[in-house]
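Presented below are the structures under discussion, each in the form of structure tokens.
Same chain, two partners: subunit A is paired with subunit B first, then with subunit C.
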Partner chain A sequence: MRKFASLVVVVILSSLLMMTFLSLSTADYELSEHYINYGVEETKALNLVTAILFDYRAFDTLGEATVVFAVASTIAFLVPKRTASMISARFSIIMQQTTSLVIPFLFIIGAYIIAYGHISPGGGFAGGVILAVITILITVTFGIRYSDRQVRSRIKSFMESFGAMGFVLLGLLGMALGGNFLANANSHFNLGVPGDLISSGIIPHLNVMTGLKVAAGLSIMFNSLIKEE
Partner chain B sequence: MDTPVLLIALPLLTAFSLGIIKIFSKKMVKVVTVISATVHLALIMSVVREAMQRPIVYHLGDWDNLLGISLVIDSFSAMMALLIGVLAYAVIIYSLVYVDFHELKYYVLSFLLIAGVMGMSLTGDLFNLYVFFEIVSITSYALVAIKEEKASFEGAFKYLVMGMLSGAFVLLAIILTYQVTGALNFAQVAANFGDAPMLVRQTIFVFFLIGFGTKFCLVPLHAWLPDVYCGAPASFNALSSGLVIKASLYAFIRIVYLLFGMTTGISQVMIYWGVLTFLVAHILAYQQESLKRLLGYSSIAQIGYIMLAIGLGTESGIIAGSYHLFNDGLMKATLFLGVGIFSYTVGASKIDDLKGLGFSMPKVSFAVVIATLAIIGLPPFNGFISKWLILQAAWETEYIVAAFFVPIGSLLSLGYYLKVIKALYSRAEGELEVKPIDWKLRVPTYVLSAACLVMGIIPNLSLALITNIPKFLLDSSNYINLLLGR
Partner chain C sequence: METTFLAIAVLFGLGLYIILTHQNLIKIAMGIGVMESAIILLFIIFSYRPGGTAPILDADAQAYDLIVDPIPQALSLTAIVIGAATTALMLALIIKIYNRYNTLYIDEIKKLKG
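Let's turn to the complex of A and B:
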């Protein structure tokens, strides 16, 4: 009976929501038009998503990176410290060898996606996730003890803090050069030619910082969560 | 001047750097914490002083008003910033002694929380508001669980579930707003919002009300709060009751006034819901035995008063509401810090445990009693003035029923707070042995409680800060022009 009542409520509410969606009006999106038409010109970053993420709305990105930071540090202390036996099945040597073979390539892909974030699709968040996959793969195939020995958790938290700090410091750099916080395109940086690896001011540097932070944060999260009592 | 953004950037930078500092020297963590908090307070003071003369607009990344994100500091934001500065500083000093669990993480998360609350109060961008809202939520869940006791995990889990629900509602509302206005900047959103169909606007209002309402504890959505407060450290309780809840309320007020304006319908919803909130919360508080739960319900009740006052939509109503918001922050922080001292020294968590403490810890008890009397609304304390202003404002706009219930609510709160005072000053059965209390615990409590008294005797101090608030809330075109730099 209670299930039936909740079903009725859900149906009524969702049909109300559907009515709302059906009556949605579309505004004229001057803002996105501007980004599309002038984005490359103003920021010299070919990848528009990166231009918006790390220049127009870089402050939001700092906030999002902070959310990842907060989650990683929360999970790190909430989960029991004890390293229990991994849930792992023992993997055969083929699996282990393949993993070792793949890791360097993964590293290159991750680094490429971060470094070329302002030119081609990708960026700090995407590349950071790929870098985190390396430690996750090591943990899954070789066990958590080995993984923690290879990349110590102290180094990971150092990387994470460093990346986050670097983001803020790069923001302050804009202020030191006489602009506002996180000023890039409107500051005195030499933006270079769109399409060059070294171009568009602090965007690539912000990408590297975010990449470091996300990579370290995600691998801390994964390694903390996989420990169990 | 470049200082406005530093109010957010400095606590963020401190939080990120603490982990690195700890690797080099463990002792430096507390030193850096104190230095950063002091500098932060000084920065806030200077920004608030500047904003009182002339509202500040700060464009991040030097982008044009509409392209990038802007910080806007009008009187309302300045008042929130001042409240954040004072409470955060008091709580950080207090935590130096009080916190002996996961110290590093505690400070990291506290600074992130402070940065988040600050961001919520200063930002002039809808999505940026959501980002900081998320930072505040996540750090709050973590700080609730930080003691790693059974009660704190239970509280944190409840908080997490409710918080995620509320976050989903707020995000959906923001997405819908973007869909119908094509902008995220408060000014642009407010200017375009009138063209949206009625049904969409109503949906957005309901989503914002439920989303933020869960966070600031409107009555049917309040159930998480007492459980959360039970397991959390007292220093977080003070921050939560004084800042976290208030920041959500601030965001809601800002959005309602900017997007919808105070129409009669919205006004009535807010007024009667506010009355309902404080009546129910007062009645529930009356039955509590645990001190923190009692204070939690009392926090919910004060939210009701603020809702009622803001919902009146008149100049006097807004002044009364924002003044009460400020005062409640001070009073609740004093109470929670005082209760924290009681639980830290003698392990008191129930009202009955307080017996005799009035004699063995006379000064701290006196500070707590001052805050108690203030929150009940007795003269000559600040709570009396703001409640009187609320009553007057409600009377002027002829919401007689609402005005009638304000003193009734005070009467109810007199009932349960008297139990606390009575317990404090009744003789205990055995002799209580009380360790000397560190000054870092006592001084913040005294200062905040003295502030309650001073603000009551010389109300002009803070009234100077809040007289301009209605100008930017009531007439949203003022705010829009300010943000667009017209």
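Let's turn to the complex of A and C:
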């Protein structure tokens, strides 16, 4: 009975969605045309997605980063503090050696994706996830005690707070220089030449802050979820 | 285009059906994940233009004829990050519930609560 009722509700809702999709008129592309035509000129960042995330809508990104921060602290608070490991499987020496071989390359890829976020695909969020994968790999392979000894949780929470504070302080810098909160071109930064590594004002710095924050937040989340009483 | 819209509607309905019918809390979290994927697919369809290149330009923006819409891509990045965060929070809450009631099924939890 319950399954039949849910099926009816789902079918009605899906067909409503389908009818809405089919009756959509062609969208108004005025805003995206502006971004495409003047985005590189105004922000000096070649990657338009990064330009939108960290320049035009940087305030939105600040809210998003706050969500990651709030979730990481909630999970660390919710889940028990004792460090009995859930993963008790002992991996062979091949697995352990391969993991320690791969980790430096992962670090390089993550740092590259964060640092070149305004020139090539990537950015703070993607690179931060790759950096978080390092601690997740260490935890899965060598156990949570070793992982907590290598990357202490005090360092991770310092990184997370540093990223959040740095993001807000860079925004306030824009206000101090006479623009709006998180203003980039309005606050008379030297934006540089598009395509250079040090260019486009505060965008690379915001990328680094977001990368630190996401990396620390995700590894705190994973290490908290893996613990059990 | 219509096929993709149909796929999005079917995916969304499938996620909703899982949430409505299943008893297991982890399966409900998976259903919410399926609905999120449907929304991200919708963003991709809105940004797509036939023959367009990715929105990563050269120094002269006029070198390209047609570029896909960058705004839905930025929005879907936001949606992915928020989705990962909410999934992690859901799993943490499920761990707490399991520790307390020793079951993952909603009906039994309701009975235990009395």
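The working rule: the second predicted complex is superposed on the first by the 228 of 229 C-alpha atoms of A that agree within 3 Å, B and C clash if a C-alpha of one lies under 4 Å from a C-alpha of the other, contacts with A are read in each partner's own complex, and residues count from 1 in each chain.
We take it that contacts are C-beta pairs under 8 Å (C-beta built on N, C-alpha and C of every residue); 3 or more make two chains touch, one makes a residue touch a chain.
This is a predicted model, so every value here is computed, not measured.
After overlaying the two complexes on the shared chain, residue contacts for A:150 are found with neither subunit B nor subunit C. Once the two complexes are laid over each other on the shared chain, residue contacts for A:221 go to subunit C alone; subunit B is not touched. Once chain A of one complex is fitted onto chain A of the other, the partner contacts of A:2 are limited to subunit C, with no touch recorded for subunit B. Using the contact criterion defined above for the overlaid structures, shared-chain residue A:158 touches subunit B, although it does not reach subunit C. When the two structures are aligned on the shared chain, A:67 is found in touch with subunit B and with subunit C. After overlaying the two complexes on the shared chain, residue contacts for A:49 are found with subunit C alone; subunit B is out of touch.
In the superposition on chain A, A:194 contacts subunit C only, with no contact to subunit B. When the two structures are aligned on the shared chain, A:11 is found in touch with subunit C, with no touch to subunit B.
When both complexes are overlaid on chain A, the residue A:57 reaches subunit B and subunit C alike.
Counting contacts by the rule stated earlier, residues 17, 27, 29, 31-32, 35, 57, 60, 64, 67, 71, 74, 78 of subunit A appear in both its interface with subunit B and its interface with subunit C.
Subunit A meets subunit B in the complex at residues 16-17, 19-20, 23-32, 34-35, 55-60, 62-64, 66-67, 69-71, 73-74, 76-78, 154, 157-158, 160-162, 164-165, 168-169, 171-172, 174-175, 179-187. Residues of subunit C touching subunit A in their complex: 2, 5-6, 8-10, 12-14, 16-17, 20-21, 46, 54-59, 61, 67, 69-71, 73-74, 77-78, 81-82, 84-86, 88-89, 91-93, 95-96, 99.
The touching residues of subunit A, counted against subunit C in their complex, run 2-3, 6-7, 9-11, 13-15, 17-18, 21-22, 27, 29, 31-32, 35-41, 46-49, 51-53, 57, 60-61, 64, 67-68, 71, 74-75, 78-80, 120-121, 125, 193-195, 214, 218, 221, 224-225, 228-229.
On the subunit B side of its complex with subunit A, the touching residues are 2, 5, 9, 12-13, 15-20, 23, 58-63, 66-69, 102, 105, 108-109, 112, 115-116, 119, 125, 127-128, 131-132, 134-135, 138-139, 141-142, 145-146, 148, 176, 179-184, 188, 192, 195-197, 199-200, 203.
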